[in-house]
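What follows is a pair of complexes built around subunit A, which joins subunit B in one and subunit C in the other.
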Partner chain A sequence: MAQLQIFTQYLKQYLKARLAYRLDLVVKFITDLISQSFNLIFILVVFGHTQTLGGWNQSEVVFIYGYFLLPWAIFGTFFNLWSFNDKYIIKGELDRVLTRPVHSLLQVIMESMTPESLLGVVTGLIVMGYGASGLDLQWTWYDPILLILFTIGGVLVYAGIFIALTSISLYTDSKTDIQPIVFNVSNYGRYPVNIFNRIVQFVLTWMLPFAFVGFYPASFLLDRGDWRIYAYLTPVVGIVYFAIAVLLWNRGIRHYRGAGN
Partner chain B sequence: MNAIEAEKLTKEFQIYQSRKGLTGAFRDLFNRNYRSIRAVNEVNISIPKGEMVGYIGENGAGKSTTIKMLTGILQPSSGELKVNGFDPHNQREEFVKTIGVVFGQRSQLWWDIAVQESFTLLQKVYRVDNKKLLDRMIDVLNIGELLDQPVRKLSLGQRMRCELVASLIHQPSLLFLDEPTIGLDVLVKENIRQFLREMNQEFGTTILLTTHDLTDIEALCSRVIMLDKGNIIYDGGLTQLKQEWGEGKKIHLELDQEVSLEHLGKVTETLPVSWTKNEANAKLFTAQLQGNSITASEVLSLLVTSGVPIHEMQIQEVSTEEIVRKIYQEG
Partner chain C sequence: MLAMYREVIRIRFLMMLAYRVNYYSGIIIYSINIGAYVFLWQAVYSGKPSLEGFSVIQMSTYIAISWMARAFYYNNLDREIAEEIRDGSVAIQIIRPYNYLMVKVFQGFGEGLFRLLLFSIPGMVIVSFIYPIQLTTDPSVWIQFFISLLFGFIVNVEVNLIVGLFAFFLLNNQGILWAKRFLVDLLSGLIIPISFFPEVFQKIFAFLPFQAISYIPSVTLVKGLDISKWLPAMGIQFAWSIILALLCWGIWVKARKTLIVQGG
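And now, the complex of A and B:
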């Protein structure tokens, strides 16, 4: 509970610091919107050539993509770990983190937060709305609850994988380029998984389970029951991956050798 | 209970040794050579509460590694370590509430946030609310005007004073200072030293000070621990250090007329003194007293009674800096 209090304090401070740069915030929102519209245009171009993709029509694919943006934006807000190696290992900021009475991972996460990325949720909802407008979706009372649950699960999957990859920096000094590769793989999660080769399907489900971030939950919301079980599994997979990542992190902190002075 | 109690504290690092050239690099891919290096070698440190101790050593002597073990950042390879009664690495989150840390070359504060907000955030992190102490520290270190500025806009001296406040916000009983006065001007240095003395006297804060600036240690510490290549080579009082390693005082003399070196040597032949002559000015001489067995007045009285015409004189004490240099050079 106390950790949660500290978390909100940090969030407040960071929001405050960010809001000081109003222009930055606007620019961030616009660039985010532009980059997402390029992805959207790509989908539309594909459907300019075909009616369906693996049994999915244009509106459905757009909806899946829009849904994918929700966990993606939340992940980007709270788990901005891209510069961890430079900032915390090479520059030695982790030393400071380790002299504070809060869990090291929580501190790193709090210090790397970019609250403005949360605007991506708005983008996501807009895209989802656009996709849904071409569909006749039946919403039940528990769908929004499931939506939130699935989103949290998706965020945990994302966070788990990238925290685990970030932990590598704690074991070795050398930089690894695995993050950008995995990041590219993560993009596959926003397309219907059944359009891919079986091996890719397997990888996206059981190894780097990015299908749980976008496709599986979204297909459930689209009332396509074929993947219902997978959709329900989303929070479980999220918790498992996140837990493994935290274990790896904690072990890594034991291995940490410190930066030279 | 001692503030710091370390027994045979050791830290080993596995260093990966790369082979020479491209073929070597290729071989490294398959078979790596590791060499282990002892950065800190079975060190025993015992520091009672309330003491101010200087921790010195050359670059690479293992100072930082020791500090990192004492502060819980690194896990010792072997040995016993209790700091404030905790095992620093394994009980880290509980332990760090009882210590304060300032790394001179790194900021402890948040770069983009105003100083005041940083303090507030730290109070939340440590779950303390002690406005009185905070106000007082702000007052003594004279940083009241800086509170609403973001840390990145502060000068080094301003920042360092803020860092000190930040490190003491939770009133720790033990404070680690790593190069706290590096690159600061004399006034700020004095201000910081005064502040540390106050904290030590009033709250009994134990202070372990790492520095290359020996004037810091002379101003604050009565005890010095000296480290070389991972081993403690001296642990004791500052005065004893001077006595053990000091070369003795120097007397600089300006005479009214030129005198030969032989004559001076003859006058003081009963005492262990060696004379040197200033090359530029024939009237200037320096007497180097060997060891601490004789005093300057013994030499002077001999000179005066044998009629050496002294115009002006100056006695030079041994500086710690010189002693330390000598110790390093001799190993």
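And now, the complex of A and C:
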């Protein structure tokens, strides 16, 4: 309960800080929308030249992209760990965090969250709706529950991978470029995996499981059973990756020596 | 005068060289992005021999070459200018005995030269091992390509200068810089060749400078344009580099008058 209170306090402070620069907020919304609509434009242009992409029609691929935006937006809201190395290790902010009685990862997450990114969820639902409007989807009562479970699973996959990569900074204070590399791999997850070759499919499923963020769950919601088992695995994969990441983080915190003064 | 700008290029080149390790990861990132689009387009072709005059191989080659060319022409001059306006150091730059904009252009060129030698060329070699691409061996096509690429660089630099200078009027344009990046990537033909867009859009894009950045150089290399087709394409690039240069100059003259150094 105390954690929740702290969380709302952080949120309030954040909103105050953000609202001081209202124009920035508007600009952020607009740039998010632009980047999302460009990905959509790409899909639409591609389907001007083909009927199917690896057996998926335009509406289905749009639906998959829309679904992908849900975990992506939630991840972007809470896990802005991109500048962790600069801010917390090199500038030494982590020392301040460690003197406080709340779990260090939780503090870092709360200090770097951007609630305005949540708007991406709305965009995602609209895109999904647009995709679904061209399809004859039979939704049962449990599909919305699965949708939420899958989304949480996807967020955990993303969070797990990037927390694990961030905790590398706790072991070594030299900069690594592995985060942006993996980030670019994550873009593969929003397209049907069966268009990629076997090695890429394997990587996206078992090593950097970004296919669980977008494609597998979305294919299940599209009533395409071929990947049913993978879709059910989504929450499990999410929990496993997240748990490993938290373990790595905790070990890293114990290992952390500071970057000097 | 020229010796001074040569020095600017040299120093930026050496500066980049000091951080060369950063570029190995860049090559990996570009290879990953190229891969995503190569796979996607292969799925689009799925058996069709050619689309919009591109064969599958040509398409893969187009993607690879336009990403690696992007490494050459891409720079953050817009952000640098915006930041220098923000922190006020532009005031010092303006009173120095050189032309601020020209120095920026040549810094960008030094950076581009560095990336061409240590990023694009090794990157292209690596990518051609991984993906099915085919590069021409005709030296005259390569010469045409490099001339066209240079103009692509000039047009891109001018776009960056214009966007960066808008910071004079807006004081905070981080969002505009982001939006511009997406816009240039899409409209320059980096992600989708212009000829794949619906007719209406192609007609609109024909009036925009962005195709001069990426589409024209890449098509020049991939299709091996003959002189009668290449010269008009060059004409478009040349015209845009002049028009945008004039626009830059106009904004610059006006911007200096409205300069407010924040916190100064």
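In the analysis below, the second predicted complex is superposed on the first by the 260 of 261 C-alpha atoms of A that agree within 3 Å, B and C clash if a C-alpha of one lies under 4 Å from a C-alpha of the other, contacts with A are read in each partner's own complex, and residues count from 1 in each chain.
As a working rule, a residue touches a chain if its C-beta (ideal position, glycine included) is under 8 Å from a C-beta of that chain, and two chains touch if they have at least 3 such contacts.
These figures come from a predicted structure and were not determined experimentally.
In the superposition on chain A, contact of A:53 is made with subunit C only, not with subunit B. Contact with subunit B, but none with subunit C, is seen for A:6 once the two complexes are overlaid on the shared chain. Using the contact criterion defined above for the overlaid structures, shared-chain residue A:45 touches subunit C, although it does not reach subunit B. Legend: residue contacts after superposition of the two complexes on their common chain; A:93 is shown touching subunit B, with no touch to subunit C.
Judged by the touch definition given at the top, the superposed model places A:103 against subunit B, while subunit C stays out of reach. When the two complexes are overlaid on their common chain A, residue A:191 makes contact with subunit C while staying clear of subunit B. The intersection of subunit A residues touching subunit B with those touching subunit C, taken from the two complexes, is empty. Across the interface of their complex, subunit C is touched by residues 21, 23-24, 27-28, 30-31, 34-35, 38, 41-42, 45-46, 48-50, 52-54, 177-178, 180-181, 184-185, 187-188, 191, 195-197, 200 of subunit A. Contacts from subunit A toward subunit B in the complex involve residues 2, 5-6, 9-10, 13, 16-17, 91-96, 98-103, 111, 254, 256-258, 260-261.
Residues of subunit B that touch subunit A in their complex: 13, 64-65, 68, 71-75, 89, 92-94, 96-97, 99, 101, 103, 105-108, 110, 112-113, 117, 120-121, 124-127, 178. The part of subunit C that touches subunit A in the complex is made up of residues 22, 24-25, 28-29, 32-33, 35-36, 39-40, 42-46, 48, 51-52, 172, 174-176, 178-179, 182-183, 185-186, 191-192, 196-198.
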